């Protein structure tokens, strides 16, 4: 992945609406790898039971998915995401989602994505599948 | 589902942090059925490409999942969620997620959840699996 | 779906190796719909616990998936399959998998597939995603 | 995992009906890890297009899932399996599925399962979720 692509994705996430809404931050990016972090803020992210809403955890997963997908340099869109919830994070926890490319063909790519807290406790695991459109990234 | 349970879930969603953050609204609830709506607001929900972020769409799905799960009257938690994205919604679209119980055993329950816009265009489909803890709902 | 396509798929399944190995039979086929049946034979299909092996039940699901996919008239291949097991069938049960198209775009299609026994008891549910290659069916 | 459990699972697979039907062989087993192999035999495993049927590949995945699940020493049953197909194996290929435990709680466990050929080419990836019944293994 060349530097201009890397920079463009970092800058894109800084301006990205949902990333700003939930405080998601891209922290690492390499070809086939991405790490995104978010602090679990109960006041804006809780569910009915005072635990982290699945939608908040999933958004972090999806941000890692979206960014790792683009490291190939062309627009790649989500087809399918399968999430298994393992444990609820503690209030205020800094959560980190790491996405790794598992396979890549001309048209599709699959990823393994895991969310954990600073102590390495696993929160959720994900298997994700994307479609490569072949179009160039619009923000490059 | 008795009225007090129904009212408690409606009131819970009104106060629920992530539901407020994203403007999600519970609109229908019956035993084994739930419908939740949200307006897709690009300024707070977009992704890198100016389309609705998967995390925003998923949050709506998860809200329907969470609410339908509780219609059995005991705490039921998400185990696994499988989402297939079908089409991007248009800016400002009013999105509706409908969750229907497909199966229910003593310990687990599975649901079919679909997101569509007001014109009935399908945005995403989901198969979700939950675990019944057997504990009473804390907010009843 | 025209008659020659329909006949070709029926004839194809009659000769299909895995369908013969497990005794799977295509029983209904229409555009976007397929039904496949199989008798659960413990002597060839059981798992370690004397119940139907997940692989046998999944094969029936996948046969419905494979046949419904082709009703569009071009080669369509499986990308992702998500199965939730609901209940174990009884020995000797006649199992039926029904696949219905949920969405279809130029490149992908998604399906809902359910397996049940003759009494209508649900055995497994499935959400499946396929990729349309655009190539004509080779056996037409 | 003690030796008697390990031996019991190996012996169980040797007698297991579907494993015999498809020629699946348990080759490695440790706490939280299992490897199962199968030769892809077109004459009994092909689909409509002369490629390996998804049901055959899935059966191998499910055998790895089933065996890794029991290494905890109690009956553990499949709840959900999510499979992404990456590439078709070549005729006669020796396929190997490796299952690794990703997380484990009192009631559930999740696994990462991958199928590849002898050259290490990835055929399919899987995320699987199981429920621990708490019952002792019947064949011990």
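Observations
For reference, chains read A, B, C and D in written order, and residue numbers begin at 1 within each chain.
The criterion applied here is as follows: a residue touches a chain if its C-beta (ideal position, glycine included) is under 8 Å from a C-beta of that chain, and two chains touch if they have at least 3 such contacts.
Note that the coordinates shown come from a computational prediction; the quantities given were computed from them, not determined experimentally.
Relative to chain B, the most remote chain by averaged C-alpha coordinates is D. Just to note, of C-D and A-C, the chains joined by more C-beta pairs in contact are C-D. Chain C and chain D have CA centres that are 21 Å apart. One inter-chain figure worth recording: chain B and chain C are separated by 29 Å, centre to centre, where each centre is the mean of the chain's CA atoms. In this assembly, the C-alpha centroid of chain A lies 33 Å from the C-alpha centroid of chain C. Each of residues 79-80, 82, 84, 129 in chain A touches at least two other chains.
The touching residues of chain A, counted against chain C in their complex, run 79-80, 82, 107-108, 129, 131.
Per the touch definition, chain A reaches chain D in the complex via residues 80, 82, 84, 86-87, 102-103, 105, 110, 112, 114, 122, 125-127, 129. Across the complex, chain D meets chain C through its residues 9, 12-13, 16-18, 20-22, 42-49, 53-56, 58-63, 65-67, 70, 75, 77-85, 138-139.
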